[in-house]
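A single structure is presented below for examination.
Chain lettering (A, B, C and D) follows the sequence in which the chains are written, and residue indices restart at 1 in each chain.
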Amino acid sequence: MNFVTPLFLAAFMLLLASAVLAIVTRKKFSLVCVALTALACVFLISGALQIGRSDSLWKLSGPFYLGVAPLSFRFDALSAVFSALLGLIALCAALFSHAYLKHLSGRINQKYYWCSLNLFVLGMLGVFLAANAITFLVSWEIMSLSSAALVVWNFSESKGQKAALIYLGATRLATAFLSAGFLWFHHAFDSWDFAKWHFNQADLLVPSMMVALGLFIKSGIWPFHIWLPYAHPSAPSSVSALMSGVMVKVAVYALLRFFLIDGSGSIYLAWVCIALGAISSFWGVLFAFVQSDIKKLLAYSTVENLGMIFLAAGICLYAQVAQLKEIAALAFVAVIFHSINHGLFKSLLFFCAGAIDSAVHSRKLDSLGGLINKMPATTGSFLIGSTAASALPPLNGFVGKWLIYQSLFMLAASETERAMNVLAMILIGLLSFVGGLALAVFAKMFAVVFLGRPRSPAAENASECSKLMNAIPAALAVLCLVCGCFAGPLITYFCRMHPLYSAVSLPSLPIGQIAFLFLAFAIFFYLAFLRKNGERIRYFSTWDCGYGSLLPKMQVNSQSFAHSVGTIFGHLLQYVTHFEIGGHDRRHFPERIKAETVMISLLESRIYGPALALVRLLNRHFSKLQAGSIHLYLLYVFLVLVAMIVIEVLA
Amino acid sequence: MMNEVNLLTVTAAVFAIMMSGSGQSRTNLLLYAMQTFFIALACLAQAEAKGSPELYTVVIGIIVIKVLTVPYFLSWLANKIEARSDPGAFLPIPLTMHVSILLFALSHFLALGLPLFKGIGSVASDATGAISLLLTGMLFMLTRRFALGQIIGFLTLENGIFLFAVTQTKGMPFIIEMGILLDVLVAVMIGGLFVFRIQKSFEHIDVTQLNGLKE
Amino acid sequence: MILTSANLVFIVTLTIMPFLLIGVIKKIKACFQNRVGPPVFQSLYNLVKLFNKDEILSKDCSWIFRSGPLISFSGMLLLCLSVPWLPLQPPVPGCDIFLFVYVLALIRFFSIISSIDAGSPFSSFAASREATLSFLAEPAFVLALVALGISAHSSDLALIFGQPIENNRIPLSVWFFSGLALFLSGIVELSRMPIDDPSTHLELTMVHEAMVIENSGPNLALVEWSYALKLLLFFGLIAQCFVYSLSKIIALPPLLLPLSVLVVMLALGCLTAMIESFSVKLSWGKNPDFIAYAVSMSLLSSLAAFAMNGGS
Amino acid sequence: MISIIEPKDEMELLPALKQWLQNDEHRLGLITSLDGKQLVTLLLDLASRQAKCWITEFAGDSYRSFTSSVPQAHWFERALFDMYGLLPKGHPRLKPALLNEAYSGIFAPLRSLAEHDEGKSYERDLSYMDVGGEGVYEVPVGPVHAGIIEPGHFRLSCMGERILNLEIRLGFLHRGVEKRLTEVPLTKTRFIAEAVASDTAAANAIASAQAIESLAGLVVPEKAVCLRALALEIERLSMHVCDLGGMAADLGCGAISAAFSRLRGSVFRLGELLSGSRFLRAYILPGGVARDADRYLAEFARTLKPLRKELNVVIDSFISDAMVLERLDGVGVLSPAFAKEFGLVGVAGRASAVSYDVRKVFQNKILPEPRIRFESAGDALSRTKIRVFEIGTSLDLIEQLLASLPSGPIAVAAPELLVPDSIAVGIVEAFRGELIHMISTDNKGRIKRYAVKDPSLNNWTGLAIAVRNNFLADFPVCNKSFGLSYSGHDL
């Protein structure tokens, strides 16, 4: 008995109902909305789990025809995986929001929030299930607009305005490219059905690049990443979790669906993916290191992880062209697995960031510290999230990264073009560098937020937030651990999803055993050496060189931790420290010194800024053409007509 | 596969790469001497292989002039003008080393693409070291700020040309090779004098400052 | 884990060798300073002493503080049992290059956060230094191993190292350059001169020593023990690189292989001691230049790996 | 030498001082007070080899601060505030120099008991500058240090690895030396004087003896003058070798540091042969020296000869090492302008183009003149180079003194009482630089006020300025290259 279609249908309906309910009712709707959304997510997950390997198609016809094509949905393993992820994160986000919104109460319109959130989830679900271009675009638009609405919730602040504008601009651009590409494909294949399209045909390079470009923009990969660090800090944490955990994966899903799953590949797209992926993983982690706002840091880390996913996708594409089956299968699994991983740990981290924000009312790393004693549960989840994000064994982040490394390693050792071997080698070097930096980023963040002494009174007086807000990150942390330790079956499952590689056997890692041995060692040595000393521990203040109590300022903070890196990569980061020395005799006896470090985003200042300025300049000139006189417009029409006739005649 | 000459030339090139990663004059000179010594050895191996006796004289000439005299003279000079280290220009010095490794890989591919002089029994991959030396020398000259670095870069470049000639041709006439050696010596001496002059008139030997002399 | 003769040798050397290495380094340094120096096994005696001592903890620190040494020791021990630092099959199979690198990273992560935990100004800036240095050196370390792996057509460390000589397909130059790269990045990872001075008393210049400045008693013992194991692990791998590259020139009898690796490890200890007696600790700003050398060596090693791989 | 005493009006003091310092041959020696009712400004005229005291009487317990025009004065004024509670009005950074948190606000050590009974309390500003800006953190170092050194607290404000500001707090060792020196009998003075800073025992003893001798009108026998100079140079040699060894240890060259320590032992041996004490203690007394070394001179020469050779080998291998040069080059730069304005002395001064050396100006004419060298880079390298050069100079001087040692008595008897109502100073080039002991007598010829100015007093500010914008990890190297004294400062 197949319950898939009804389950999904129910999920759709419930989401829609929840969205409508939020707007319509006037009373205490929040709880009902949460319940409806959560129920929808549960249906979603159970539906996704039931899909298995059988594909099925479900069409909505009649009134939902939309003029050109019916809304049609397809349920297969790939969409199942991603919708399961969506269901899970959306469930968490809905439950989390319920508690979290109290923190924002007064500043956020809850009706508006719940409606947008439900639509957002609905849109993403639509994209994951879309079987034709129209359905895809419609869902895509719902997703983009509702997420934009969620980003702009504090439109009154100028920061929020800027974030919303940049985000909206990026989404518009992405939709524009996608639509153009889809139109072209429709023209080529005379159908809106994805099943009939072949993206990797050599003569359709231009439209597939357009589609890819749209996806790149949406995924926030370099150099289109600039909307991420604006949108994430601006949106509420639960939305950031959903955006970073799932929404950017929509682009990955589309990439998989359009370009990867059919087993052919375009070599040009492979190069683009590899290049942009490599650059953005490096760029993202480097910028993440020097950030001092938790959510900005997490946003840049998303850029890094997306970079790695796209890098793996590029390798998969290349290997498909070069007929390297094993590598292609590895990279394919890596793309899916790391998308899931990133969805899990990044949303976990964003939820924790929300919890911290609601407890301390600050996201500035340099005003936190010492939260481990105040928020023990959040600390535990955050620690697991950080270790997963730094790709440390035995967590899921490591397995994802290991798959990418392994595919690169096999590529470097394979008998293919020599240049590709060398490139794979260089990419391994780059990834290890990125890995080292990511470790530094998350070690810094964890240590500055949770350890040491509190750096502000707010952090001093923080207290643990509600149980629900603790339970959700904790559940995700457990999932991270499970996905890491029992990665073997998952890897096999993901590999089977690809129609061509289901028989390929992949190298595997005894990560579960290693983790078990490690744990056994740790417990044994704890019991052997540390525990029996319990009564022989004396407590004393931290070594202060005999001067007296240490101030909160006397421990390294986020910016100082990253300062060396900032100076080493000063050119890329545009990292400059300004000094302000004041006083009556500032040469000999300065009375005030102030040091301020500024960073100007190279891309924004050198590329996007001038480009925007150019557009504005052109606008100013072109606006003269639009004088508002009907005669002028008639003149234009006339001129165009004449021009077309001339062209026709000449042709 | 590797033969002796190849191994020696590649070793010389590796020394040149290591040289390009150091900003210290004395380390540079030491590594230059090592590099030239291995070139002399390569020359010796070539002499063995081809049985050309006049090459032995050239080897002795290289060792006396380029391995011993020139580095010694330059390190004396560096001491004299207190040019201990070079801060580098255009590119950070550690990056120069990585770029020169890239150039090394490039010269490997380039050498594989060279037309072979099959008749004289040379192997294309021998040229890897020579081309790499040439490129590294040029890069070295480009990335150093002080005149001493330019001289060392020039010498490395010259080593590359010499090595190319030795490994890829049947061998230049003896007299020309010796002449080149003497030329190098003279060039270094004159270069040293220039360094002194620059030092004297500008109080430092930063050649980027010479740009300011243009009208 | 089955108790074979190889495993027995492995475990016996694992218990003695780390302390011997540290002892030899200290002894030779003392020699250069006209001192008699501590007994060779002093670090072992120190360990026993520390395990019997009381522990002082900072009031500001949490459970993270004590987890750092514990995780670092357990991880090191795990690595020492699964990485073939002696040319024998390790007791625990299945460690590949990337797992090795990332278990080291796990240890580093926890040592960084545990050093910041107490909120000491010294250990927290040392943690920042450790993070900076290690990610700069990471590519050198990984690429050196990967170059070996590419030549051996496997990423399993047991198939790269720990092989009998006749099975060893990796060319001399790859062994040699990887050995150099591992040595240079090992200096960074092990915080030895000229990156970090392990015998200095100056808190402001230290890296590793300042990170563990708050540890005491059994906690400190675990830190020191895991450091000794790390030294063993790195020196074992480096020594194997050099021994294998030597074995390409001189035929070594297979039975002598583990022995000669042990000898080379001690020789590396001597070399380290010499560097530490005569070299100058680099200025903080010059450390990236030093690490650039390590990266260069690993790049050369990978180039060699490709050049030699071409024939097959 | 007996200094010329000139009364100066409070209003004309500052312009006069500014005018005095316009001349390159003039220096400000010391600003202090006799009993808290006046300012004593000691001025040195290097051309005419004279010392001059301006005595400014003023009412109340505050005066106009000089610091804004004469930066060198700031530490003197801080010390005056600590010792007498004299408030310098308009001082930009009036923080304790000699006292710390442990002393109550009422306590001013050199004020009379009567004034203490009045119960006047002083607000001591014990804060540190709070360097602003995001990402700035503070590293407190000391007063208990990891090495076995004396207490001092350094508050470093850093941005990452860069030092933005250093504030130095000393005074943890306040021992009441100056007060005690006025209380003990004249015959015991020398023991306390040489304990002002025990690594500078000979120089302190000589300065003290010189001041007392001038007040007693004694002429020291020539042989004693030469033996004293010998002791001074041995001390200089030993401490410079020690400092170089410390520098080598801080840079991490264990072997070279050990070699320096061993050689310092040989220098101690020289001191023992000369004076009977390895640290030259209890050797110099007013009127001459305590012991004739004739019997040991042969042994002395035998020890000296190989020492010079060995020292040269070790120093060469240290200072010609390219890595050492690179390491020290450009670290801890103190520009000549700052050095001049803060009146730096000694090695640190000569490394920043302040060529002043007491031996050139104030020493006895019969002694051989030292070669003086100065550098203008002002970095740790130049300080090390100057130190190396001075080791050579000291060895030369020791050889010259040994070759031309006059014969005759080694001491004359010292009197019980001194010339009343006058001020005398003893100025010596200690190994750290200009050391001044100033003694003022009351109307009965007893010591009324004994002031000591250690060379470190001039130089601590130099250190604080030199480390700005350096790497945090370079602070020990900067500190060692200055090689300053804590106990000499904390009297």
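In this section, a contact is a pair of C-beta atoms (placed from the backbone, for glycine too) under 8 Å apart; a residue touches a chain by one contact, two chains touch by 3 or more.
Quick caveat, the model's predicted, so the values are computed rather than measured.
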| task | By the contact definition above, name the pair with the higher C-beta contact count: A-D or A-C. | result | A-C
| Centre-to-centre distance between subunit D and subunit A (centres being mean Cα positions), rounded to whole Å | 64
| remark: For the pair subunit B and subunit C, the C-alpha centroid-to-centroid distance in angstrom is 36
| message | Averaging over Cα atoms per chain, report the distance between subunit C and subunit D in Å. | response | 47
| message | If a residue has to touch 2 or more other chains to count, which residues of subunit A qualify? | response | 418, 422, 550, 554-556, 560-564
| request: List, in ascending order, every residue of subunit D touching at least 2 other chains. | output: 137-141, 158, 160-161, 326
| note | By the touch definition above, subunit C meets two or more other chains at residues 121-122, 125, 128-129, 284, 288, 295, 299
| Which two-chain combinations qualify as touching? | A-C, A-D, B-C, B-D, C-D
| query | Hey, which residues of subunit C end up touching subunit B in the complex? | reply | 288-289, 291-293, 295-296, 299-300, 303, 307, 311
| query | In the complex formed with subunit C, which residues of subunit B make contact? | reply | 1, 14, 17-18, 21, 23, 93-95, 97-98, 101, 104-105, 108
| For subunit C, which residues are in contact with subunit A within the complex? | 51, 54-62, 64, 66, 70-71, 73-75, 77-78, 82, 92, 94-99, 101-103, 105-106, 108-109, 112-113, 116-122, 124-125, 127-129, 131-132, 134-139, 141-143, 146-147, 149-150, 153, 155, 213-214, 217-219, 221-222, 284, 288, 295, 298-299, 302, 306, 309-310
| remark: Given the complex, residues on subunit D that touch subunit A span 67-68, 71, 74, 92-93, 101, 129, 131-145, 151, 153, 157-162, 164-165, 341-342
| task | Write out the stretch or stretches of subunit D touching subunit B in their complex. | result | 322, 325-326, 329
